[in-house]
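Listed below are the structures to be examined.
You will see two complexes here that share chain A, one where it goes with chain B and one where it goes with chain C.
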Partner chain A sequence: MSAPTTASWRRDTELPFQKLAEETIVVDPRRREVHLLNETAARIWELLSAPRSVDELAAALGDEYDVGEAELREAVVELVDGLSSKGLLVAVGGTR
Partner chain B sequence: MRRKARREEMLLSIGGVVTHLELTGAQPVFMEQLRARYGAFEMPAAPWVQRDISLRLTLASAAPPGVPGRRADIDAHPLKVNAAARTIAAERWDFSVKVTAESGQPTRASYRGSGRCEMNPFAVDCMLRVLYATILPRVGGMLIHGCGLRHAEVGVIFPGRSGAGKTTLARKTPDADDVLSDELVAVRRDDDGAWRVHGSPFWGDFARGGISMRSWPLRTVAFLEQAARDVVTMTPIVSSDATLRLLGCFLSFAVDRVTVERNLALAVQLCAEVRSVEASLTKNVPTAEIFRKLAPHLGPEVTRKVPPQSAREMISEFRSFLRKHQSYAFKPKGSSMRPWLKSGDSLFIQSAGEAELAAGDILLYWSPGAKPDDDALTCHRMVGRVPAMRGNAPKFLTKGDAMSRIETFENQRECEILGKVAAISRDGKTWPVPGRIGNLARLFGSLVAIPILRMAGR
Partner chain C sequence: MAAPARSLSLAVAEAAPRCQDELIIGAEAAHYALMSQVQGKAYAETVPLNVSLELTLNCNIRCLHCYNLDRDLPQGSCHDRAPTDDAAAAKPDLSLDDIMRLLPELREAGCLFLTLSGGEVLTYPHLFAVLDRARELNFAVQLLTNGTMLQPGIAARLASYRNLLGVSISLYGATPEVHDGITQMPGSWRRTWDGAQRLRGAGITVRLKFIVMRPNAHQVAEMRAQATSRGFAYLVDVTITPRHDGTRGSLAMRVSEEQLAELYRGPLRDLLPNGRLPATEERFPCNCARGNCAISAKGDVHPCVSVPWSAGNVREQRFADIWRASPVFEKIRGLRIADYEACAPCPDKPFCSRNRGAAYNYSGSYTGTDPFVCRSAAITREVVTADAPQATAAPPASRE
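Up next is the complex of A and B:
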């Protein structure tokens, strides 16, 4: 399942997390799981403190990463998919 | 007329957290079982000792394993822990307790409560694990699922899940007294902010835990991994990876947001401040080889003497030496026994049961204070004994030779008699305390290699 690209996402505010130097650790007490987010995933996690769509995330990251627009968007979709499949994100609305 | 239920008490200090247990209905054999397990962490239960947890437990006979309905009862009442800001409640088929915080200081807890428990050491152990795992993080510490070892003057923890090799590591440690626990160790900051590892009475299959309350500076966290071959490798890992691994070994029964956030923050701090490695090894690798490979990751001066964190730790360690060797030497300080004792004298102490003590003996006893650094080792002359009367426990009367005041105390409660002076060493000469000549040869035979514990050096 891939993340709907027009939907908005936000991080699950119930999940405790701790920001490290570059990475972020997110704990899911309900599933008794701990996730270590790499630098890019951690940045997306940070951006998703407020609801954002994949397009909005890609636009925000465009200035920070030296990569083509299509490639960046693909990476964002993949990361949002990954975070979502682990139960770390909440879909806020919208359709694919 | 119904007989009044027996009431016993225990005061335990684990990871610096002091718990007073008042046990109603405890049978002597059950108390023996508890003391066999927690004896190294027990201290005199004097009412003036600051307690972090005060728990009144009403004990009931343990149900025999095969009793009808027992299995269903166990299945219907698994462990449930509810930790709120001020209350902690835990229940299982064999116990139910609730404690409430009376005051909240960042470095000290003060919980009071009550509950019921089956007269089964496993039930008490589970209950204590829950309380310590929940309360230690509230005062800046944690219980880590790992094998803790003392190495020279420092401590190392080897966290790992079940089957990772913690007990195997403990079993092959040459001196079993260096094992702080093969199952759960307490880790906590000291007053200077440095992390220390404490032994615990929470054992795994090694079937024994730490021998005293003594803690050691935590130098390295070595996460256990099974190697494919009998070769040891120690691979440094970054703090984020270490945090991730540590969280998997962080004993926590509560899953509320505040608890998880607190535990996460502690794990991050610990892993940011203490070296972490992945220790890849097999059960066939000798401990010496493990520490040879670990040496570059332990930091400098691992043999530099480190004083105990508090007087309480020091006395507890002294008691463990005495229990092990039956005799030990130390240098007292103070002037309460002048002129019999002079500055620089060394005393040879011998373990002694209450029945062996008589008026005139010089006793060494643990006088607990309110705080860990208020505890003292007192060396005074026994002047008498008040037998048990009208339900009161027997009392010992002691006096410093240079003092006029006679002290009275209940052994094991207000103070704990560790032993009596068997010989004294002054200016290079040693002589027995009068009446103890017969013991001297035996005593010196066992003291040859025993270092003197310097009270003043702490």
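Up next is the complex of A and C:
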């Protein structure tokens, strides 16, 4: 599965989560799952408190990470894919 | 980007399991392992990831072994008086406003796993207001209850909280006669089972907690079989402690040493620790005041729900200040095995639960002992080493 770039995403606002040092713990009580997001994934989780597209995420992260635009975008797609496949994100608008 | 973006971390944990690992009831092994890793990190960073909040001391049953207070004594005669804190009796309960002010403080301090308890938590009139706020603040919530008030409407309402991790329900017998004799409430066994099944029917994860006592020790195998046949996870606890009000009538409910030995050789044998891990400075401490604390209905902050040693009161100080700078918590965090004078030379440590609540409530000292716990460890060692003498011989006393 690949994150559709035209859709916006937001985190599932009902899932419990908490920062722990540089990482973020997300719990999915219904699935009996716990996820530990690394620093980069945690930053995307933070940004997705409001709906954003992959392009908007990449733009927001552009100033924070010292990598090329294409590499950054690829990393964002991968992370959004990962978060989405685990049921932690909700697609908002756009097309799939 | 400083480093290539990694996918989600789902690494198998190296950290030793701690008492909060069980919070993810029914999770698959990888998630248990990750939970252990998370708890280990909270411990190392001294983050109060797990907070137990007692919403009320009121209860609708009158368990003979209750750890809170002797409910057969006149109200107020010893109410909520911790062994080392006589002034606590005069404190009022936290108001709903107090709790609403406290919850964001807990969140800010790093709490994720919020356990709501009592007394009986369902007697608390503002429970759903607290649950609403806990949901807004993205806490993962667990409820502790006796299950007797879980009517259909309550179960359905609880099921609407997606942040509800589960409900832990206490059960004290395999038959109504035994369970109801302990709760002193006719019909409570049936109501508790009905409540458990109603919750599960509503999609809520339920874990039973069996407290083993003198009157129900002969039913342990049957209790476990009932839970298994009905598909419920469960925990078993054999340790009855003196009450937090300082009274000791509950101790009459403890199993005898003979009963304990029979249980460990029989229906509880598979739950005994194997004793293969020595009690190192890293393994000996528990999560008390490290990744874990409890707040009483009066607002006192304790190192855990079983140890009513007040580190401060949330009505008088911000929670974060108590957590960070309380002399009580500082003392606990600085303890070494050598500070536990009776435990330090004891060869039974690898087989011991080192139940801090029992030790504190029995001896009045956090580093003290409870002879019941000591005997439990000794019997465990006898049973386990008799079964596998090569693999589980006790380490030398000077190991650490």
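Basically, the second predicted complex is superposed on the first by the 95 of 96 C-alpha atoms of A that agree within 3 Å, B and C clash if a C-alpha of one lies under 4 Å from a C-alpha of the other, contacts with A are read in each partner's own complex, and residues count from 1 in each chain.
Criterion: contacts are C-beta pairs under 8 Å (C-beta built on N, C-alpha and C of every residue); 3 or more make two chains touch, one makes a residue touch a chain.
Since this is a predicted model, take the numbers as computed values, not measurements.
After superposition on chain A, the partners chain B and chain C are seen to clash.
Looking at the shared chain after the overlay, A:T40 reaches chain C, while chain B stays out of its contact range. Counting residues of chain A touched by each partner, chain B versus chain C, the larger count belongs to C.
Legend: residue contacts after superposition of the two complexes on their common chain; A:D63 is shown touching neither chain B nor chain C. In the superposition on chain A, A:E71 makes contact with chain C only, not with chain B.
In the superposed model, A:P16 makes contact with both chain B and chain C. When both complexes are overlaid on chain A, the residue A:I25 reaches chain B and chain C alike.
Note on the chain A alignment: of 327-335, 345-353 or 363-371, the part of chain B that runs into chain C is 363-371. 14, 16-18, 20-21, 23, 25, 27, 29-30, 32, 34, 36 are the residues of chain A that lie in the contact sets of both chain B and chain C, per the superposition on chain A.
Contact residues on chain C toward chain A in their complex (touch as defined above): 1-2, 4-11, 24-28, 31, 34-35, 37-38, 41-42, 45, 47, 49, 107, 110-112, 135, 138-141, 162-166, 203, 205. Interface residues of chain B facing chain A in the complex, by the touch rule stated above, are 239-241, 243-244, 247-248, 255-257, 260-261, 264-265, 268.
Residues 13-21, 23, 25, 27, 29-30, 32-38, 40-41, 61, 65-67, 71-72, 75-76, 78-79, 82-83, 86 of chain A are the ones that touch chain C when the two sit in their complex. Touching chain B in their complex are the following residues of chain A: 14, 16-18, 20-23, 25, 27, 29-30, 32, 34, 36.
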